[in-house]
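Before anything else, here's the structure in question.
Per-chain residue numbering starts at 1, and chain names A, B and C are given in the order in which the chains are listed.
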Amino acid sequence: MTSNVTIWITALLTLAVYSFLIKDNRAFRLVEKFFVGLGAGYFAAMGVRNIIQIGIRPIMEGQLLPLIPFILGLMAYTRFIKPIAWMTKIPIALIVSIGAALTLRGSVQAQLLNQARGSMLPWTTANNIIIALGTAAVLSYFYFKARSPGPFDGVMTLSSKVARIIMMVAFGIGYTGVLGANIPRTIGQIQLIFGKWIHLIPGF
Amino acid sequence: MNDIGKIFRWNRLTIYAIITLAILFPLVRPIGIPIPIGESARTFYELVDNMKPGDIIWVDSAFSLSAAVECVPQLEAISQHALKKGAKVIMLAMSPDGQPFAERALAALIEQGAVYGEDIVYLGFVPGEEPAIAAMMSDLHRAVPRDYRGTPLTDIPITKNVRTGNDIAIVVPVTSNATAPDFWTRQIAPYPNTVLTMASQASLWPRIQPYLPTGQIAAALNGARGAAEYELMIGKPSIAVASMDATSIAYLTFVLFIIVGNLAHWLAPDKKVAAKKDGDKS
Amino acid sequence: MYRKLPVYIATIAGMILMIDYFINIPALTKVASEIQAWTVLISAFLLGIGMVNLLLVNIRGLQTRRTDILDNIVLIGALVVMFVVTLFSDQFDTAYRWLFHEIYAPLGTAVFSLLMYAMASAAYRAIRLKSIESTVFLIAAVTAMLGVAPVGETISPQIPKFYTWMLQVLNMAGQRGIIMGGAIGAMAASLRVLLGIERRHIGLE
């Protein structure tokens, strides 16, 4: 076992987290609170450093334009002061609106036209046909699933079944993608416990 | 009737123990399973390998803490490779969690001989996601006037002439954000000469696929596997390569769980009894 | 008037960005660029709101004793220490690096790695050969696992080939449909925000 105090601390904290796998317990909840506190403090400090760097510093150097976003940013904190809490909506509305404008500007080309063009492949191979019809089926599943009876019911029902199969493939691959993101984390923790702490794994 | 399904009915602690041991075994006794290089990783490598001295590569450390295990090896491998080709690296962190890892990568590159300001520059943490990307790509000096040390970008050799996305050869977001493929493709579209790539957490891999054949994303790295492939291609196998045996065995164990779970379900003498027992054991 | 002020400001800013996209007026481009740059500073302010909120909730908890005191003290203590050390990271360089790389990062990885165990349990209990859809899901998941793992190619070179086909054909069709459908929805929602019709995000109906 290691004599490094840091590794002991990290290993014990990790074991406290993993104790949740057996049962929810006090140690896990305390460590959870500890982690949340660290994260919140870290994020806030990063924000303050940024505010100093790109807000306060230019203003102190005589630039006036940064005053506007600086005041808008301060308004976000009026949510904690009841009489003027309505002001907090201004910076939030602004950010959401800017995001909406950027999404609207860019989505047409990036997400619609380019993707539609990418699906409209010449039907010279089976893959191209599957991609074209599959994309259309999935799109129509979302937009026409709830519909009144009509002359194309049979086609729509078949399209709906095809869309569900295709989406199940996508979800199955997505499940493995999420798994692929989680396995390395667990490997890292096992290397910490059994490698750095207990020295069971060679090379640590 | 004998309940032959009994041997397949495992409680959750048994499952946890099996997967833990399955991951531990190849770490204690490495197997050496070969790691084939995929097409996308190879394309990514060639894109960076074909960079000319002086070309600008934009490396964004935009991952969350949980994705650090996969993304840090990608960040380090790509930055090392780009510097070796003589490219100039503009590094930044668009997530707070990515910031310290970017700083650590920067320190390591400087230790390996990179000159700050001439080979690499670090803009620090830049919040704001898509609007911030739009701002930086349209007018970098206005959006981020100074680097992480407070030096004006106009005074730094690498960045003094980098004003917009048009001045950047390759953009590499190293990210775990699920919407990153969408908003990066939107914001790079106005700069057709800028090549967008993506080095991401494995969970983004299926989402990136539609953008590859359209060329909106030129190449991508798939999580830890992609990082391992890249490390092998640059000749510096490191953390990602070391974890691949354990990754393989973990996946095989998951396949085993699916098979055994189905056997337990279908061989149960009375499915209601089996379901009740499963519920008790958990 | 003041209730609608956020809507007016937001609509004007959004419209400036939209008009700038379609019509090339240098003065308007400058204004649009400036507005976009503001988001960096405003976003920096928004990062601290979580901390302030957490502090207020936990200080209130300490005062009213409705939650466990130790929980509150641990959270507030961790928050304050991390905040100070990070803010003054130049002076507390060693402490900052130690706290982040040796405590916060491994702890965060451990917390998120619990998900793998939950997924192991889900793989055993929930991925079933029951209906056509669940069978397709099972086949896709198993193929993907063997296709991504380096060992898949060792078992059979056909596995990664089949996985690649599933990824680049079937998954492509599914993801494209989702992307395009999502984009149409996002565009409609964005238009509603820009026109001031959608106001729920600022607490107005």
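In the analysis below, contacts are C-beta pairs under 8 Å (C-beta built on N, C-alpha and C of every residue); 3 or more make two chains touch, one makes a residue touch a chain.
None of the values given here were measured: they were computed from a predicted structure.
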Common contacts of subunit A and subunit B, by label, are C
Outermost chain relative to subunit A, judged by CA means, is B
Most heavily contacting pair of chains is A-C
Note: subunit B sits from subunit A at a C-alpha centroid distance in Å of 14
Whole-Å distance, C-alpha centre of subunit B to that of subunit C, is 15
Distance in whole angstrom between the CA centres of subunit A and subunit C is 3
Touching two or more other chains in subunit B are residues 12, 16, 19, 65-66, 69, 96, 126-127, 131, 134, 144, 182, 202, 205-206, 210, 213, 222, 225, 247, 250-251, 254
Going by residue number, subunit A touches two or more other chains at 21, 39, 42-43, 46-47, 49-50, 54, 95, 98-99, 102-103, 105, 107, 111, 115, 118, 170, 173, 177-180, 183, 185-186, 188
Two or more other chains are touched by the subunit C residues 34, 36-37, 39-40, 42-44, 46-47, 100, 104, 108-109, 111-112, 116-117, 119, 138, 141, 145, 148, 167-168, 171-172, 175-176, 179, 183
Within their complex, subunit B touches subunit A through residues 12-13, 16, 19-20, 23-24, 27-28, 65-67, 69-70, 96, 99, 124-127, 130-131, 134, 144-146, 150, 176, 182-183, 185-187, 189, 201-206, 210, 213-214, 216, 222-225, 242-243, 246-247, 250-251, 254
Within their complex, subunit A touches subunit B through residues 21-22, 39, 42-43, 46-47, 49-50, 53-54, 57-58, 95, 98-99, 102-103, 105-107, 109-111, 114-115, 117-118, 170, 173-174, 177-181, 183-188, 190-191, 194-195, 200-203
Touching subunit C in the complex, subunit B uses residues 10, 12, 15-16, 19, 33-36, 65-66, 68-69, 96-97, 100, 104, 126-129, 131-132, 134-135, 138-139, 142-144, 182, 202, 205-207, 209-210, 213, 222, 225, 244, 247-255, 257-258, 260-262, 264-266, 278, 282
Subunit C contacts subunit A in the complex at 2-3, 5-7, 9-11, 13-15, 17-18, 21, 34-52, 54, 56, 70-71, 74-87, 98-100, 102-104, 106-117, 119, 132-134, 136-141, 143-145, 148, 165-184, 186-187, 189-191, 193-194, 201-204
As the complex stands, subunit A meets subunit C at residues 6, 9-10, 13-14, 17-18, 20-21, 29-51, 54-55, 65-66, 68-70, 72-74, 76-77, 79-80, 86, 89-105, 107-108, 111-112, 115-116, 118-119, 127, 130-131, 133-139, 141-143, 163-173, 175-180, 182-183, 185-186, 188-189, 192
